[in-house]
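There's a structure below that I have some questions on.
In order of appearance the chains are A, B, C, D, E, F, G and H, and numbering begins at 1 in each one.
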Amino acid sequence: MVMKQSELYRLLQQVAAQQVSVEEAALVLKKAPFEKLDCAQIDTHRRLRQGVPEVIFGEGKTAAQIISITEVLQKDGSVLITRLSEEKAAALQAHFPITYNAEGHIALVGTFPAPKGNIVICTGGTSDIPVAEEAAFTAKALGNRVTTLYDVGVAGLHRLLSHLDEIMSARVIIAIAGMEGALASVVAGLADCPVIAVPTSVGYGASFGGLSALLSMLNSCASGVSVVNIDNGFGAAYQASMINAAFPSSY
Amino acid sequence: MVMKQSELYRLLQQVAAQQVSVEEAALVLKKAPFEKLDCAQIDTHRRLRQGVPEVIFGEGKTAAQIISITEVLQKDGSVLITRLSEEKAAALQAHFPITYNAEGHIALVGTFPAPKGNIVICTGGTSDIPVAEEAAFTAKALGNRVTTLYDVGVAGLHRLLSHLDEIMSARVIIAIAGMEGALASVVAGLADCPVIAVPTSVGYGASFGGLSALLSMLNSCASGVSVVNIDNGFGAAYQASMINAAFPSSY
Amino acid sequence: MVMKQSELYRLLQQVAAQQVSVEEAALVLKKAPFEKLDCAQIDTHRRLRQGVPEVIFGEGKTAAQIISITEVLQKDGSVLITRLSEEKAAALQAHFPITYNAEGHIALVGTFPAPKGNIVICTGGTSDIPVAEEAAFTAKALGNRVTTLYDVGVAGLHRLLSHLDEIMSARVIIAIAGMEGALASVVAGLADCPVIAVPTSVGYGASFGGLSALLSMLNSCASGVSVVNIDNGFGAAYQASMINAAFPSSY
Amino acid sequence: MVMKQSELYRLLQQVAAQQVSVEEAALVLKKAPFEKLDCAQIDTHRRLRQGVPEVIFGEGKTAAQIISITEVLQKDGSVLITRLSEEKAAALQAHFPITYNAEGHIALVGTFPAPKGNIVICTGGTSDIPVAEEAAFTAKALGNRVTTLYDVGVAGLHRLLSHLDEIMSARVIIAIAGMEGALASVVAGLADCPVIAVPTSVGYGASFGGLSALLSMLNSCASGVSVVNIDNGFGAAYQASMINAAFPSSY
Amino acid sequence: MVMKQSELYRLLQQVAAQQVSVEEAALVLKKAPFEKLDCAQIDTHRRLRQGVPEVIFGEGKTAAQIISITEVLQKDGSVLITRLSEEKAAALQAHFPITYNAEGHIALVGTFPAPKGNIVICTGGTSDIPVAEEAAFTAKALGNRVTTLYDVGVAGLHRLLSHLDEIMSARVIIAIAGMEGALASVVAGLADCPVIAVPTSVGYGASFGGLSALLSMLNSCASGVSVVNIDNGFGAAYQASMINAAFPSSY
Amino acid sequence: MVMKQSELYRLLQQVAAQQVSVEEAALVLKKAPFEKLDCAQIDTHRRLRQGVPEVIFGEGKTAAQIISITEVLQKDGSVLITRLSEEKAAALQAHFPITYNAEGHIALVGTFPAPKGNIVICTGGTSDIPVAEEAAFTAKALGNRVTTLYDVGVAGLHRLLSHLDEIMSARVIIAIAGMEGALASVVAGLADCPVIAVPTSVGYGASFGGLSALLSMLNSCASGVSVVNIDNGFGAAYQASMINAAFPSSY
Amino acid sequence: MVMKQSELYRLLQQVAAQQVSVEEAALVLKKAPFEKLDCAQIDTHRRLRQGVPEVIFGEGKTAAQIISITEVLQKDGSVLITRLSEEKAAALQAHFPITYNAEGHIALVGTFPAPKGNIVICTGGTSDIPVAEEAAFTAKALGNRVTTLYDVGVAGLHRLLSHLDEIMSARVIIAIAGMEGALASVVAGLADCPVIAVPTSVGYGASFGGLSALLSMLNSCASGVSVVNIDNGFGAAYQASMINAAFPSSY
Amino acid sequence: MVMKQSELYRLLQQVAAQQVSVEEAALVLKKAPFEKLDCAQIDTHRRLRQGVPEVIFGEGKTAAQIISITEVLQKDGSVLITRLSEEKAAALQAHFPITYNAEGHIALVGTFPAPKGNIVICTGGTSDIPVAEEAAFTAKALGNRVTTLYDVGVAGLHRLLSHLDEIMSARVIIAIAGMEGALASVVAGLADCPVIAVPTSVGYGASFGGLSALLSMLNSCASGVSVVNIDNGFGAAYQASMINAAFPSSY
């Protein structure tokens, strides 16, 4: 168990008061390696600095479980709930004022922070939009401004090229595509910023549930691309938010 | 065993001469289903119509084996030898006047036919060129004019777009790429003709010997793309040649 | 953003009227690389030349979404809708006069063009027919005459051989098979034209959802075979239509 | 199209009657390679010799389709229908007198032939029994005597060893197992006859739908083992029946 | 440790002589379950009945190791050594009179038995011949007559069909093919006997070291096909020999 | 068939009584190799020594089947039933007094033995708990004391480190995790005892049903880790129980 | 072909001089969609802004090829050459003053820019160091300060924890690991910045050339992780450099 | 950086001497969470208790690197070096007195401890012996007595059954096998102790480098089996040693 701050104080006071010998105190501090970690400090520190909401992965949890976890967490700030079905969202709504995005299956308990900077989110097709909505909602909940460019896949290159301005001036781009996943390479070849690629499970046959797009994105011949798990819009937005936060406010 | 033409003649003459009854002759002809196939006819027919050279797959054959097969085949026309190492090519050169392409590891014994039509062959990177050379050499040996656009991969889209003219006016395109294989989709999105995609084993790590490019091309979101085996430049050129041959000469 | 045609005219008129200097105009035209693309032109051009209908991939879209997209697209011509369930087809029928193929799950809003040339579509078994129907319907919607040879798989070779005439005289063949996918090789060995192979997800156990047939077709030892995605009857027909269109009308 | 027997007769009669010259007749017979196949002959021949019933793969066919196919086929003998659900079996029963095995999902329209020889069918566990029942029913429908040894997997070796007699004196053994598929190797190490191994999709996790058992069986370190597709009890029984038929009756 | 025959005799003699009580003897026999197996008996029994040679898998063993094992085994009959490189074969030749097949990398120490029956071995291409030679040599060493049909792959169907006689009258066929592995299905569709399919590692790209042919053969739509490991010519011949042996001699 | 104990006695008595000659008795004992195994002895022996309950794998068995098997087995002790749905558990409850764990889908008919020693079971996330409950229940049914540390995954390392005491003093640990499965390595790096890792199918996308965690655990860079099948909580507990039993009671 | 700047000027001058009508000029500009892209501008623009060196992928290129490419590129700045063997590096050294890192197989022609910010690069084991050196060298060549923490894998957690300071205060971290790849999750759980994970091909058996680590990292349960291709130290450093560049200089 | 023990003492002494206030000391101790871990203590503790030698993974390290690491480590006890080629072993021998096992590619610098308990190591074939030797050598270096049963694979079950005594009385068994890996299940079915299974990369074709054996072992239908990485003899022995150490000495 973690040594509490008060216990540490008391121990040191006893040393100062000669009630505990140096050897005994050293023994206590040494005996349990790792135990002295004031672990909670880490998380608290992070939340304070970033205003990051707590996150609940809703899949596989009952509405009742999500409600009781949310009750605990929302005392310290807003709570983001991913992979939340419409049914569970409805159940949640009876307990908290929530903002729910049905397409992205994602909800926020609490208020959105003021948006800063800009994250560009583009998709190859319309079927990739649910993943993009998860990403966009997450990014907004983490305090980012978001620009969405949907259905700009490489089979109709002109649609993508008509948004060159947004792409070439972005700070960070999330490129979401299923099937052959070529969007990430093309976007990264045009852009001058980190591109986070999200393969989606959209497709059939030899797309093998997103494997095709995943491999394609990992093998991107363009520099500046990294990849997250299949359909992981949340993860892409989380990292994109970290990158966006690095920019000075006046940029 | 296949009934020889002379045997068929003799049998029919015996029927005409009443030396063999109709029933007996029918029995002979019926007895062995399939046997009456004058099989050689098929191949001959094809060669006559197309002037297609015979093809030898050189890999796994010794120089001596290739020489003796070539000796037989070249009596009836030119012979194309694929996957031919430089050493074996040198051994061959002592016996026949050959044209050898070292990069594509491919040789022709005989003369190139006059080029007709046009096949556009483009590659994603410079490492894909050996496969492209196999394709280009094959296409020329089969009587096609060839335009090559090398190193026009999607990470530097401007290089590809600077060749829009060739792409948009092509009859058939061979798109060759390793890594993420996105070239096929982008080219097919721009072109208005069949695109035959060739994944290459170029790459490392999660390219898994060409699997990444293969899956990517099979999942192309652009219409008009079909795919051949990894590194199969010959196969792509063979089908492209068939397509090019379909066009009327004055086109 | 794409420069509109009217803007380009106005700019040039201002140059002609000396209201804008050459330098200023050049700057405008140069400043935003890529921006001057009159993108819509490409698609329009293609449709005009080919009479190709617009295509909607119906899977994953609601009936309402399909209806509203169709409303927009059908103004400029016919609309082909693939992967359309019977329920959605019924909903569509209330809005447009459609031709629906229940086996192929495919519909056309508009009229079929006059059929030209000929595309041969053969399947290994009866279970592959839904994919073949998708291909046949697509081919007809794109203006091709279609000959179907169903259930001519290699386990009963005589069934296939009894159709030698159709196979040996075809312009382009679509070979559709699941399980071991051997049909493509056998057909390509007999035929003298491009063969587009479609692996299907028919089978069980080690067919792994079509992977077995896919690999088999990619490794075809016959020349002239290329492959599309598992169950992609539409894609095969689209490319086959391009090839068929290459032939002179009188052929 | 296949030349009919009557046409062949007429042609030969015309030759005999000097109404058709030898050259003309030869031309007709030669012109269409392959066409003269009296294909039906093959199947008929096989059925006559073996009394093998026709087989319908029931999966993916409606009850109505199965009934109409059965109507045609049962005129020439019995009909075996595999992968037949209980619902469809009930529908069939209204039209034909059928014997149905619910566990093996398999039915016979017609009567079982007298059993000859002996095929031993053993399974690793009780969950493999449905596949074994498909095999046993098929074997019986093809005229074989069958001995079943169920649940004799290698984790309880004594159960298998208590049947050494049956195993060591068998003519042909079908070894059916999921999970690690070790049964085939152990049985083949004890037996002195061909062992046909059937991997089953029984298991979870890293059994990957039967892949584990399939690979295991293909890599058997015992001689005399060959393998059929996952869950393919029918295929194993079909080949086993061929082997059993090779033995002289008095054996 | 296995109880020796002499020990069993002695124990029973002591029982008969009343020197050991029934209870004591029962205890000895019961105490160690499994231990009483006179295991050697099994193998001896099998060898006597079949005249089967001992087999050494040569790969991964040094010439010295193979020589010393051979020395022991050849006392009881002939010895078959598979996967034996030419270098090791040369080393062996200094110690024993061996018959070596360089293409099949296989040797026999001892004499070939008189050939009985007939096993047909066919290959798709010339590159599959080494595997076929391993099979043919094994089959001969096990006392079978062998007919080889090499390079009769499905891409040139006429070559295969010109051997219909051999195929339709075979007792058992070994079909060996790499790449798409379609040979097995086509042969099994024509033949009326068990077909043992051997996928080979011949090919490149998406053949994945024989996986493509393996899956193709497992999914064969023809009845009567079973499969052994990739390149396992020995295993196929071993099972084929068992099947051939089942036929009565006068057949 | 296995020789019964009474038969062995009778045979030996006949030898002692000179009614059966030594040669005859030896023949009987030798004739059927393997047959003399008193197989049941093994299982009985094991149960007596360990008090291990019989185990039924409930998946794929009907409630009726489970009930009838349980009726037989529970005569000799308690019965553990894994993968038992709530419906089947309810049906069982009507026949036997059972303890059912709904989360772990596992039940015990009979009483739990007194707990000995200690097995630590930790999970990476809350979604892994069902597998952990299967393991915990099994361990208790086998007579082990259990300590559970749930949701101590490596993404929040402080949660894991706050339980250092339990981990560093454990006899054997079961580490259960899905997704990236890193828990096993981290725990094994801290602990000084065998760690049995259980990958779970928890996750999505590139977790491929537990494959990711499985590979991760097999490649653990920490010594002392072994792995069981995906989701196999039962198997891990069974082996852990064996290890725990090795310790002297006073430890 | 791309319209040159001089041609654009001339055209506009002709419009201004009324020598070309507005309509004609518009036609020229419109006729070839895409053609007007002054593509080179993009790359130049990027290099100017970032001072990014040109990059050559050395693998598969001869020393001669690399030298001639380098000669062209180094006129405009420094050149980074990855995957460069020692032999080729030696050949290069005769032509240019290069800095070569033998472990990372990477070289720079030109001078390193002044280092800014900080990128933390950590590896799981010593075998991962070559990939880390490629990353570190790349990062330095792109103008970043680099901190390396080698051999801090999770099996010895204390080594990692002793560097908590560097990890918790980093701007961006590159986590490089083979085998089970758990380092990325643990680091991301501790850090408060983007973590770019690089799986390495280090390992054997079920590491499958880096696949295990790749899947593990993609499934990381920690937020803020993205992944690049196996062994792609360059790609990770390139993206990390982009992120590091986002921070204001005084940070 | 880790706080040294002397620094901790000094700090506490300063508190005791009132030279440092309680607040200041608490700040120092709290400031860097995790930093106070006296990490080395863990490893030391473990070594003291177990007498476990340090381990070096020799693969991918030069002889010089191994020598210098060994020099440091052998001061505190013996050093085990795995995956050590004969060449490197020879180089090592010039510096330290080592015991080298050429087959297992493993060496010990230092002396073997007195052997305790017993670990049974069995292999399926002779080709698995190198992995078994790695395991046996490791086990001995960790202070265990070892019994080896080589070449007792399931294809010759009698060889395995003749060692029933050793198997049924073992404390822990390491079962090593390639190909179909059935040994583990059979052994675990007979034994009454933990079985650690080691798949080996022995085999060809569909063994896929050990994958077949790995899956087979993970799916073992016998209870009490866990699995380590392919060819990981060291890892199996390490865990087996932990289990063996659990037994009381007098057992």
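Methods note: a residue touches a chain if its C-beta (ideal position, glycine included) is under 8 Å from a C-beta of that chain, and two chains touch if they have at least 3 such contacts.
It should be emphasised that the depicted structure is a prediction, and the values quoted were computed from it without experimental measurement.
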Pair sharing more residue contacts (C-beta pairs) when A-C is set against A-H: A-H
Chain at maximum distance from chain A, centres defined as averaged CA atoms: E
Reference interface B-G: repeating pair among A-B, C-G or G-H with over half of contacts shared: G-H
Between chain H and chain D, distance of the C-alpha-averaged centres to the nearest whole Å: 50
Averaged-CA centre spacing for the pair chain F and chain D, given as whole angstrom: 39
Separation of mean Cα positions, chain H and chain F [Å, integer]: 24
Interface hub residues of chain D, defined as touching at least two other chains: 33-34, 37, 39, 42, 156, 190, 205-207, 211, 214, 218-219, 223, 229-230
In contact (per the touch rule at the top): chain pairs: A-B, A-C, A-F, A-G, A-H, B-C, B-D, B-E, B-G, C-D, C-E, C-G, D-E, D-F, D-H, E-F, E-H, F-G, F-H, G-H
Contact footprint of chain G on chain A as seen in their complex: 33-34, 42, 45-46, 49-50, 55, 158, 171, 190, 192-194, 196, 214, 218-219, 223-230, 234-236, 238-239, 242-243, 246-248
Complex contact set, residues of chain H against chain E: 126-127, 156, 158-159, 161-162, 164-165, 202, 204-207
Of all residues in chain B, those that touch chain A in their complex: 124-125, 153-157, 178-182, 184-186, 188-190, 203, 205-208, 211-213, 215-223
Interfacial residue positions of chain C with respect to chain A in the complex: 1-2, 32-35, 37, 39-40, 42-43, 57, 59-61, 199, 201, 209-211, 214, 229-232
Of chain C, residues touching chain G in the complex: 5, 8-9, 12-13, 15-16, 18, 21-22, 25-26, 29-30, 33-34, 36-39, 41-42
